[in-house]
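Shared chain: subunit A. Partners: subunit B in the first complex, subunit C in the second.
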Partner chain A sequence: MGAGHAHRLYRPGHSPVHALPPHTKLAAVLAFVLVVVSTPREAMWAFGLYALLLAAVAYAARVPAGSVLKRLLVEVPFVAFAVLMPFVAQGERVDVLGLSLSVNGLWGAWNVLAKGTLGVAASVLLASTTELRELLLGLQRLRLPPLLVQIASFMIRYGDVIADEMRRMRIARESRGFEARGVRSWGVLAKSAGALFIRSYERGERVHLAMVSRGYTGSMPVIDEMTASRAQWSYAFALPAAALVVCLLGWTL
Partner chain B sequence: MHVPDGFINAPVSVAAGVVAAAAVAVGLRGARHELEERAAPLAGLVAAFIFAVQMLNFPVAAGTSGHLLGGALAAILVGPFTGVLCVSVVLLMQGILFADGGLTALGVNITVMAVVTTVVAYAVFRSLVKLLPRKRRSITVSAFLAALISVPAAAAAFTLVYAIGGTTDVPIGRVLTAMVGVHVLIGIGEAAITALTVGAVIAVRPDLVYGARGLTAPLKLRVNGELVDTPAGAAPATGPAPAAAARSHRKVWLAGLATSLVLAGVVSFYASASPDGLEKVAADKGIDAEVEDHAAADSPLADYGVEGLGDARMSGGLAGVIGVGVTVVAGTGVFWAVRRRRTPDAQAGPGSAQAGPGSAQAGPGSPQAGKSV
Partner chain C sequence: MTPVPPVTPVPGSSTGSAAPVPSLEVAGLAFAYPDGHQALFGVDFTVGRGERVALLGPNGAGKTTLVLHLNGILTAGAGTVTVAGLPVGRQHMAEIRRKVGIVFQDPDDQLFMPSVREDVAFGPASAGLRGPELEARVRTALEQVGMAAFADRPPHHLSFGQRRRVAVATVLAMEPEILVLDEPSSNLDPASRRELADILRSLDVTVLMVTHDLPYALELCPRALILSEGVIAADGRTGELLSDDDLMREHRLELPFGFDPRSVTMGA
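What follows is the complex of A and B.
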């Protein structure tokens, strides 16, 4: 974590997926995840097809499978939770290798694992193929309130600055012989957090004044107006449309 | 922990998304009111701070460590509206950029982690600040309790969402017990760190602690070696009359809060014995019936039953306390909002006077902004 964290997910490239306007990609990923979540869990083959669809997108985006799989590690804490489900859920029980497991819990674990993994994979693909600034512009195009997008963009821009400041504080602590050990060092760490807040807040005030002195009146000028042609929309929506077909098949079959 | 996709079913996820959008809209309005046109840079930097402080590891023991969740801290330091907004933005960015928390679960995540935590923490904090004597220490104590209650309250809110739209039928009582139990522990750590951090800020820049506004002593002038009150109108007046009124209110509130907490925590503990008794009878009968069928299954089942009952009682009491907390908080919030509206602009915003000294350094800010894109 720390500096560079914000850039690590993005993989620069010139694939057709990279070239799509960001708001079409955002909308497509959201639609895809919604379709996945509303698929019945009994249709196991549908989730295999979804995975194939995502693999096709990754291939088109020239994102290597290894990097996607590595980033799937985000969901590890929650895999642990899913593993617990068959043990605590109610209902009919089945014996597997001498363990009494709940059938319903097994379905629940499968449901969470499959849908969660597909959701993470879709988000990882989006983040890998879209630049940060483009993502923010895409959010603005999707009619998120401009103030919210501004706050998000300030957070992204200064996230590294603040994280660096925190790292400098850590280096300063450690060079003075401090070692965080147990609860007794919380006071020192909390004082650092307090100082970090004051520095962040004061930096915010300075940034605001700097912007006001350069003519800021509460809204950011839009320099590059983004538009998406119908072809680009339909290209982006090929993924959720295909997923929708699979989902409908899953409900009917 | 962020809720992933597939944990909550689609309709409830969408409904939570609508709730979250409404909360963010309210937060935007409120933040614009609180910060005016400074909202974007200040809220953005505070969001960056929360994002960074979540990476600060606090060692617990034996190699384990925890980190701050930041909801209560944000509410106390920058106010409820800006706090909701900042934590929501952090969650949004984590969802989109780091695939941390599902996109469809974003509404649930924002509702539980940004809205419930922040609002409960702020309500508890404000009511305690009003009840306790006006001292710096009581700010720290209030911050501790606010953070302590806000974390299990968020866990209880999550359980509620899970009860409505969960995809697995794990018994809700057990989910509640597990979630609240674990989060009480997490809440203790969160509370200690939040209180220490607020204490550190208030020692240096008390004007930056939003939740402690209006607690600063009135400005005094030293004239010929004597402290004299500043002329009326020059400083925000905190005369003796409102203070006395506040004190008399304070007693009533204190008594009311104590009574309802006792009622909720202790009485509901016993009151719940009656339905539990019914359940116990039913369970006994059920177990008996099963015992007759296959005798081997009786001991683990019986164990489960007893365990489940004890947990249900405990969780009932806990839920009662949290319920009262939430209710008091909501009531206080309404009361406070009404009262604030009646005396508008009594307190000027903090920090507006401090903006000056750093302006010379503002230049480097912009190149940095360019760099990190």
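What follows is the complex of A and C.
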């Protein structure tokens, strides 16, 4: 316990971007990403414009560039694949700094890198300006299957509880002289994981009991009715609309 | 089988001579788990409207099994449970679950929504309440337990005592006929324990409190039942039951060291 009151990605604020209803933001980010991935990779200037668009959103949301860049690091493991492409791809080759690289591979790497980075940056902005709980409400509003939304919501609610249980089990192990060292400790760790699973499963049963006791019949009741005005929708869609213009230009020019 | 002491009418509770419909009536309730283990062997008792009754008993006496019958989670093998004149059964399950508010022992099981407000709203919203009416219901319930200022907090960031109080509010929001508390004082520090007692006393609702915290039962409930080996072994004034050393010993009930129920004078 004691982890902040919201998730770590969220930056509390009162900007116009924060104030938008979550489902409009979700839809806008999805549309933006779709537009970005359908842009031809040769139109390099278009990706620069997209980045500028996102920078404008970040400015409006008062999210500092540093925090966006830091969170972009999550992308690094995926980028490793893109870096390999110029070396392994087939076809025409070109010499760069004494290395023989595939032209096709270079374009491919650029394609993955640019589109991926833009997508992650858009998601980072969404997460920085929308609380987790709101995101769930937004997904619910966008008609994501209710079961998926419920599962995600329970994950958020019980993540800390289960982490806490895990911590207590670790303390109990260590208090009795256990040290996680080498292969021989794996058996103990595996048993702990099993015990944790069973405890969580039993908690699930108790939670279900408590839900049924309060009238749960299979679907979550709608507690917060969310509506978005036409103005809010158009405000949220300013980003993907601008991106669409850039994309069309990219195809025609 | 132990002789059952006569039920003495407890003054200060449901004194109306017209005998209104009792909040809870359990008659001949017996239940065996699918594995053959029989937990209840014919339980009979009645809780009048507005009464606060403690259900005492040692571990394994069948207290929790009994509680799960009150809102139809478990179905009786024999006998009946009636809540405010309505028999517990398939046909009015939703109504029964609204009328019987169970506060479970672990508030982490009870509070499953991402924020306190949504959790308190869950019951009434499941019953179909929406908009300002729902808001008002949530606010009232949170005010009753003194937690209105915490409405937008996630439950896992509250102290244990606060979570227990919110758990009570989640049930109060359904405006139940009877509030059933499973070990309400467990894991509470003395201050939280007293705060919860103050809250429970201030509520105008029938309470059935399942506990083996005997001083707490004496403090809050004028009347007590002893459930032992699946039957009601005694039913009477809490102070008298707790002072009956033979009865207590027979049912594995023990008072904390130094506690003498005879020396306690009950206020009001």
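In the analysis below, the second predicted complex is superposed on the first by the 243 of 253 C-alpha atoms of A that agree within 3 Å, B and C clash if a C-alpha of one lies under 4 Å from a C-alpha of the other, contacts with A are read in each partner's own complex, and residues count from 1 in each chain.
Keep in mind that, in the parts below, a residue touches a chain if its C-beta (ideal position, glycine included) is under 8 Å from a C-beta of that chain, and two chains touch if they have at least 3 such contacts.
These numbers come from a predicted model, not from an experiment.
Undergrad: Using the superposition on chain A described above, determine whether A:Val94 touches subunit B (first), subunit C (second), both, or neither.
TA: After superposition on chain A, A:Val94 lies in contact with neither partner.
Undergrad: In the superposed arrangement, which partner chain does A:Leu52 touch: subunit B (first), subunit C (second), both, or neither?
TA: In the superposition, A:Leu52 touches no partner, neither subunit B nor subunit C.
Undergrad: After superposition on the shared chain, which partner residues are touched by A:Gly215: those of subunit B (first), subunit C (second), both, or neither?
TA: It touches subunit C, and subunit B stays clear.
Undergrad: Have a look at where A:Asp160 lands relative to subunit B and subunit C in the superposition and call it first, second, both or neither.
TA: Touch partners of A:Asp160: subunit B and subunit C.
Undergrad: Name the contact category of A:Leu69: first (subunit B only), second (subunit C only), both, or neither.
TA: A:Leu69: touches no partner chain.
Undergrad: On the A-aligned overlay, A:Ile223 touches which partner chain: subunit B = first, subunit C = second, or both, or neither?
TA: A:Ile223 sits against subunit C, while subunit B stays out of touch.
Undergrad: Is A:Ser185 touching the first partner subunit B, the second partner subunit C, both, or neither of them?
TA: Only subunit B is touched by A:Ser185; subunit C is not.
Undergrad: What's your read, subunit B or subunit C touching more residues of subunit A?
TA: B
Undergrad: Quick check on the output: what are the common subunit A residues between the subunit B footprint and the subunit C footprint?
TA: On subunit A, the overlap between the subunit B and subunit C contacts is residues 1-2, 132-133, 153-154, 156-158, 160-161, 203, 206-207, 209-211, 213-214, 216-217.
Undergrad: Residue numbers of subunit A touching subunit C in their complex, please.
TA: By the definition above, subunit A touches subunit C via 1-2, 5, 132-133, 136, 153-154, 156-158, 160-161, 203, 206-207, 209-217, 221-225.
Undergrad: In the complex formed with subunit A, which residues of subunit B make contact?
TA: 1, 4-7, 9-10, 13-14, 24-25, 28, 31-32, 37-49, 51-53, 55-61, 68, 77-78, 85-86, 89-90, 92-93, 95-100, 102-105, 167-171, 174, 192-193, 196-201, 203-205, 208, 351, 354-355, 358-359, 361-363, 365-366, 368-369, 372-373
Undergrad: Report the residues of subunit C in contact with subunit A in the complex, numbered from low to high.
TA: Against subunit A, the touching part of subunit C is residues 68, 71, 73, 94, 97-98, 100, 102, 104, 106, 108-110, 112-115, 118, 121-123, 125-127, 130-131, 134, 153-157, 170-171, 174.
Undergrad: For subunit A, which residues are in contact with subunit B within the complex?
TA: Contacts found on subunit A: 1-2, 6, 9, 26, 29-30, 33-34, 36-38, 41, 71, 74-75, 77-78, 85, 88-91, 104-105, 107-109, 111-116, 118-120, 122-124, 126-127, 132-133, 135, 145, 147-148, 150-163, 165-166, 180-183, 185-187, 189-198, 200-211, 213-214, 216-218, 220.
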